[in-house]
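Same chain, two partners: chain A is paired with chain B first, then with chain C.
Presenting the complex of A and B:
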């Protein structure tokens, strides 16, 4: 099977978590109070952590959920490879602008970057035993050669993402069933299915 | 004014300017992103830190670089008083435009949960971020109001649950 077919099939299989609105907005206070710590470091203005479980279900925990909501409400997320684990390699840094499908690049750029006045957006990818964690950052920094600046900070951005993930991991747990949200460095575990057996015939 | 005081006043204005431009770092002692300042001024991290901490007043060509980068007045950076109105209010990336009715609705809702906030700072951050999100949602008004209800009521509910757990 060639790579293109695999990618197309993966896009079809990808789905938003049924409670994506709750994940984005119901927990906004707790998510923001955690991710807010990262705002301002290295000129970062926006942070979101995208978690894709082994069944390709997408959950998003965002400092400013309007950024991701606008893509969801307009069905544009499907044309943004930032949400597609099949096209993202582990431990890589990817620019938002390179991830847009050519047919929708202007709409995506407008909704995701222009209206928020972001000058650059980037994703860092961490794959852990079937889960894909995508650390999404954006800046309004105006200095020259931003890509080079952030490329040099790749390791630190990963550390920032890991820190953010640890803060929201507890919340993400409730949206992972039947999986357990991965601990960084640990193997993914399935929740044990315990069965309560009552023997009424005991004499 | 002595030289030390002069450097400290410069650092205050520099911090205000950098924070307005999103280059503030709350946890840093200087309150600003030192690495960014080093990049802008093309000097070492240690020297940028001294500028930001008000320990050293930068040379004029360094002040010009900062002013040019942030499109601020170099004379204000150097001699300005505590009047921060010289900061650019127009075309600022932090400027949020919002419908007055919607703003009132958000503030009314937030007032109800203010007593549940853990700190004034946290409450203000929450309100400002909610206003930002509401003003940037690309959807119809009915959905925006629904989302605000969800954000604010859940914040209140979660805070109340936490308080109930603490208070026996």
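Presenting the complex of A and C:
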């Protein structure tokens, strides 16, 4: 299948935030000091919060930005349903390995999991008034029954994701314009938007 | 039940962080006490040589009194911004103050400024120590699964007693070195500087720890409460459950008073009422402290397997039964009789440290846990810790030295049993220990 067609199929109108590299790396220290609070709980080794605004613009706040950077640099994120809110249902737990497009699953698995020695990755989806928050967790544990272990902890993982989002919400505000990053449990608000209108056509 | 290697390594780090923090805290506080005779000569005027030791003890008292304040301040912050951050700050503050005390120039060099700096940093050190205990016990209990809380929490007491042992050991070595001219006179300052190494190690461990799971679950989607709301909610809680809180207070009282009796007052009793030398008295103290520290985790393990209230009832009855024998031998017994009775008394003490601290911690809702602990546990600690030695000295001087101090411990034990019986009936009516749902929002 033509690569371009696949991209069109998978991504629709999704786009990365124009300052995605800044978001990933410029705030690395702040993001890391926040999300580090979750690292180690229930054996979680990687945490990222993917925020998709109502205009389908993707921002990523990651404990280890290299995980997401590899996908962006190779343009493979478009073939990973982890980044596509249209294919993800609210309040669900999805495994990374089930989200890869069949044509690129080996590359995606290699870049996202094998390089970092992750044995299992998962996404938890929370949709709040037009925004989609995707809590992305990964572990390096090597037990066989990891999926059932984490499935049983779904509610706690959601709460951990919510807590992580609370910690980085201030930072995410800067990249949401013209929206206001949603507060959990609160209605989404649109920031008062004043636009200067220049009309030279008045006679 | 899944047993993941990775989870175990995180668990080990969590336990070690609680251990090292309290070890350092106790070490930092105790080296000052053990070195009181040297410190008093260094930081106070040589012209008041006879009173310098007394002045030093006034500095210790000021520090001791400031501890509940620090505990409350740090407790409120720990409930607001999380346990982990406050654990890091309290560790740095305690270790920093200790190192600075070791670096303060002597009175002969900077005059009265040395005394003032000593007082200031001792108070600051105690403020952070007050916060360390409640934050770390909450952190360990909240990081453990429901069936491992006793074992996790018990390591706070292991650290606390281990720190006292380490301080005693290092002070013994350095002071012996100074007395035998192997070490220069100023080398006592090196013990204070040891705190820097411990603090850096503790910082490295704590900064990479996760926040406590209990705190995360309780605060995942709620807004961060204001400090005033937390304080108001804690007072509301005390007002709403006065008998419950009073029960926890009498349980705390027994623990603090028996600690004072066994480790602070007993060397004085052995040396004054009995004719044992101070060195022998301290030797017995160290041996019983060693036994106590070693068996605490065992009782923490039991806490998770046996009915904790029944375990605490048995511990309290042991105190009541052993107290007369303990004080009788302390007054009239030989070295070995005292040693045996003290080692025996250490067993219920270890059980109390493992069980009661975790039980009291679990009794408060997560959202106001550190503040409530500060209000109840630390206030009682300051009061009982300060009053018990005075009461015991008074009783042994004015009444029978063998029975009268024992009567005080037995009376404290009796009140503790009443508190435990109330707790038992209350728990059956309302499972308050799991009352994480206690909502701050309802109160605002």
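Rule of thumb we're sticking to: the second predicted complex is superposed on the first by the 183 of 203 C-alpha atoms of A that agree within 3 Å, B and C clash if a C-alpha of one lies under 4 Å from a C-alpha of the other, contacts with A are read in each partner's own complex, and residues count from 1 in each chain.
Just so it is clear, contacts are C-beta pairs under 8 Å (C-beta built on N, C-alpha and C of every residue); 3 or more make two chains touch, one makes a residue touch a chain.
Fair warning: this is a prediction, and the values are worked out from it, not measured in the lab.
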Q: Based on the superposed arrangement around chain A, label chain B with chain C as either clash or fit.
A: clash
(Q) Taking the superposition on A as described, I'd like to know which of chain B and chain C A:105 touches: first, second, both or neither. (A) neither
(Q) On the A-aligned overlay, A:26 touches which partner chain: chain B = first, chain C = second, or both, or neither? (A) first
Q. Which partner does A:140 contact after superposing on A: first (chain B), second (chain C), both, neither?
A. both
Q: Name the contact category of A:117: first (chain B only), second (chain C only), both, or neither.
A: first
Q. Is A:37 contacted by the first partner chain B, the second partner chain C, both or neither?
A. both
Q.
Quick one: is A:149 in contact with chain B, with chain C, with both, or with neither? Answer first, second, both or neither.
A. both
Q.
If we overlay the two complexes on their shared chain A, which of chain B and chain C does A:160 touch? Say first, second, both or neither.
A. second
Q | chain C versus chain B, contacts on chain A by residue | A | B
(Q) After overlaying the two complexes on chain A, where does the chain B footprint on chain A coincide with the chain C footprint? (A) 36-37, 40-43, 45, 139-143, 149
(Q) Going by the contact rule set out above, which residues of chain C touch chain A in the complex? (A) 2, 4-7, 10, 13, 82, 84, 208-211, 213, 216-217, 219-221, 223
Q | chain A - residues contacting chain C, complex | A | 36-43, 45, 139-143, 145, 149, 156, 158-160, 162-163, 166, 183-185
Q: Note which residues of chain B are touching chain A in the complex, please.
A: 21-27, 33, 35-36, 39-40, 69, 93, 122, 125-126, 129-130, 132-134, 136-139, 143, 147, 150-151, 154-155, 158-159
(Q) Residue numbers of chain A touching chain B in their complex, please. (A) 21-22, 25-30, 32-33, 36-37, 40-43, 45, 63-67, 69-70, 73-74, 111, 115-117, 139-143, 149
